[in-house]
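What follows is chain A paired twice: with chain B in the first complex and chain C in the second.
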Partner chain A sequence: MYAIGERINGMFKAVREAIQAQDPEPIHDLAKQQLAAGANCLDVNVGPAAADPLAAMEWLVKAVREVTDAPLAIDTTKPDVMSKGLELAGPGSVINSTKGQQDQLDIFIPMAVEHNASLIALTIDENGIPRDANGRGEIALRVVAAAMEKGLDPDRLMIDGVILPVNVAQSTPNHVLETIRNIKVLSDPPPKTVLGLSNVSQGTQLRELLNRTYLVMALAAGLDAAILDVLDTELMDAMIASEVLLNKAVYADDFLKAYRA
Partner chain B sequence: MAFEIPVEKWTAAVSALTIGAAEADGGTRTSTVTVGGETTLPFLGFEGDTPNRPAIAMEVLDVPPPNYPEPLSAAFGDAVNDPAVWAKRCVEEFGADMVCLRLAGAHPDQENKSAEDCAQAVKSVLGAVGVPLIIWGCGQPDKDNEIMPRCSEVAAGENCLLGTATEDNYKTITAACMADGHKLITEAPIDINIQKQANILVSEMGLDLSRIVMFQATGGLGYGMEYAYSIMERTRLAALGGDRMLAMPMLSVVGPEAWKAKEARSPEEAAPEWGAAEERGVSWETTTATCFLNGGTDILVMWHPRAVALLRKTIDSLMGEEA
Partner chain C sequence: MYAIGERINGMFKAVREAIQAQDPEPIHDLAKQQLAAGANCLDVNVGPAAADPLAAMEWLVKAVREVTDAPLAIDTTKPDVMSKGLELAGPGSVINSTKGQQDQLDIFIPMAVEHNASLIALTIDENGIPRDANGRGEIALRVVAAAMEKGLDPDRLMIDGVILPVNVAQSTPNHVLETIRNIKVLSDPPPKTVLGLSNVSQGTQLRELLNRTYLVMALAAGLDAAILDVLDTELMDAMIASEVLLNKAVYADDFLKAYRA
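Up next, the complex of A and B:
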């Protein structure tokens, strides 16, 4: 599974304060810790409170780049901030994210092509989040068609079936699993699938248990990538074990160590 | 509609490694061998690179081989009485890229040779030939732990390939390998899981993954060849898919395995309907080697000079280097 570490996000107090104080130290630490914990990519989000999101993104990406060349997922809805982030992060980055409506796809798909980036597309459009898997599949199909038309390979697309908190919309986890399975037949090669995992447990008790259990279920359904808390060791252990059980990684007695080596 | 070859996009490559150290690098070798580095399944040139030729090592024993089939005795003559002479013939007459010195005489059931005797054999072969050396223990774990550190020590700086480290016995040889600047063979009994575990264990001791060659105990044609082949193929698929713990070059011991088969070693009078003994044995060895070549092996340990010549021709053609 392609693990995108979620911790460099202005919604977290330590990151917000680091951005405000222009103190790169906490950002360096978070980048290094997440990579050591098995992140393949680091999400970078300045948070909703940033006074000047463009300047904040510029500072944040540069701060991360001081300690690693790992791929970054530039996490913003603002095209100018996205563009700046991608430019500073370099090729192999991830656009996080576009919605499925045409006006957004017209902006972000060419941006992905231009910057040699992957694109996370949420199955949300002008009508909001679909009620079921069929509605999600329809948006995904539209996104795949638009990507192919504009020269973005489907395997550089990551479709996010948009998980909602289980205490708010309890039927959603099932719909998203069905969406993950359905997306695999949309094209050949198929687009990748991704989840903003922590959302499933937003506002609940026992968050870690819910995250961990749902990740395993989603991996069994064919999930390719997740934005998640890689510093949650039990979550990552469950992910690593799932890959072994799904025959995606070769078993060895020390399979956890092998993943983290 | 024109046929389009399906091309797989791999995310990772096999690691490359060099065996042998020339004078500039602190050794005395006149040639070195680099293997690995593949970015695709074997020889799929339309999909990726096979940057280095698979290497041919010829096996030499420190004692005259007992029960050597006649075609092999005929090929090497008296040379089998002296590993240095034998190695020289392998290199100068038969063009071996490497010599694999197997310290069979150290085995307690054989001559139970001492560490010092084994080290002498290593030194004499290093002195006789300029190609890189594979130094292979006798296969008895306790005895190997006794002889390999000394053999490693006398070859320090020559960047040899030492074998073998197994899941159950890896510490001594890995430590020697690290101390003396060699490369290491990890061995598993045709088992990809144990192979991976052995790699994890030696890397935990601090040996860099780029210094490992993997060996799945080989099976000859008719005697488990297909198991070894399929394990190699799975290993290579895992490597190309990004499993760093399986992304090392592979080695196959072809000669000894192929010549174990009764079809290869029976004398003509025992089975006249099978045809000439030498043809059978050479074919058996060549067929086994060719199969493993296509399974992704990077180093082939061979016996018969004619099988070596045929294998070299096959490698030439697969690498697009035909004369």
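Up next, the complex of A and C:
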């Protein structure tokens, strides 16, 4: 599984304060810790409170780049902030994210092509979040068609089925599992699938248990990537055990150690 | 999920010794502990070492019946031992198990009908364990047809896709997940599906992690029942979280406590 570490995000207090104080130390630490814990890519989000999002993203990406060349997922809805982030992060970055309506696809797909970036597309459009898997599939199909038309490789496209918190929308986890399975047959080769995992447990009391249980289900449904808390050891253990059981990582007696080596 | 507790089994030393010494105390304890931990049914197996399996089963079932009226899964390959166990356990029992070849089905399906029992049928036949999900599906179809012909309700039939240890047969977990999904469309109403869970981790070092990870995957594929170690709290936590995420148990902030209450 392609693991995108979620922790460099201004919604976390330590990151917000680091951005405000222009103190790169906490950012360096979070980057290094997440990579050591198995992140293949680091999400970078200045958070909703940043006074000047463009300047904040510029500072944040530069801070991360002082300690690693790993791929970054630039996490913003603002095209100018995205563009600046991609430019500073370099090729191999991830656009996180576009919605599925045409006006957004017209902006972000060419941007992905221009910057040699991957693109996370949410199955949300001008009508909001679809009620079921069929609605999500329709948006995914539109995104895949637009990507093909504009020359973005399907394997650079990551469809996010948009999970909602289980405490407020208990039928959504099933819909998203079905969406992941359906997307695998949308095109040949199919686009990748991704999940903003922690959202499934937003506002719940037993977050870690819900996160790791749902990740296992999603991986069994064919999930390729997740934005998640790679510092949650039990979550990563569950991910690795899943890869072994799904025959995607070779079995070893201590497969946790082998995978991490 | 219908949880069948696996611990009253002569392959465990304490049970073997209790049978040999005709000491009902450890059996009473295991029955009560497993029911308190969430077992809906208790597997009863005298183990391979019993000198007189018929007498041992008679003693063991009676010992369990001294403390509970819960359904029992009589676990033996021997028809006479099965018949005696069912007779002593009473209606609502489970036959664990028959293989899928005709001569076995001819014995155990009528026995299930006669004793008002459910029947676990392994997707194994005279040719052994099938290589893939298709082979398992063929045997399942034969079992379903035989059950219909002989008047056993599909909802009293539980098909076991036969999981093998992941360290020796790493492609099997995928085949069994596919089998579980396929069985759901075999008939209307479909038969139930069941899994002898612990076998997935037989001989491995990280047994609990593999067991709970695979259980979550199987539940997401539609698994109805499992023979498992209900005394493994983390395993049962994962089962309950799965039921919540699959919208089969109602969400509550402390859903573990709510489910267990």
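Quick note on the criterion: the second predicted complex is superposed on the first by the 261 of 261 C-alpha atoms of A that agree within 3 Å, B and C clash if a C-alpha of one lies under 4 Å from a C-alpha of the other, contacts with A are read in each partner's own complex, and residues count from 1 in each chain.
We take it that contacts are C-beta pairs under 8 Å (C-beta built on N, C-alpha and C of every residue); 3 or more make two chains touch, one makes a residue touch a chain.
Everything numeric here is computed off the predicted structure, so don't read it as measured data.
Touch criterion met: A:Tyr214 reaches chain C, while chain B stays clear of it.
In the superposition on chain A, A:Asp237 contacts chain C only, with no contact to chain B. Of the two partner chains placed around the shared chain by superposition, neither chain B nor chain C is touched by A:Gln102. Here chain B and chain C are compared by how many residues of chain A each touches, and C touches more. After overlaying the two complexes on the shared chain, residue contacts for A:Ala258 are found with chain B alone; chain C is out of touch.
In the superposed pair of complexes, A:Gln20 makes contact with neither chain B nor chain C. When the two complexes are laid over each other on chain A, chain A has residues 250-251, 253-254 in contact with both chain B and chain C. For chain C in complex with chain A, the touching residues are 166-167, 170-171, 173-174, 177, 200, 204-206, 209-210, 213-214, 216-217, 219-221, 237-238, 241-242, 244-247, 250-251, 253-256.
Listing the residues of chain A that touch chain B in their complex gives 155, 249-254, 257-258, 261. Of all residues in chain B, those touching chain A in their complex are 9, 192-194, 196-197, 199-201, 203-204, 234, 238, 243-246.
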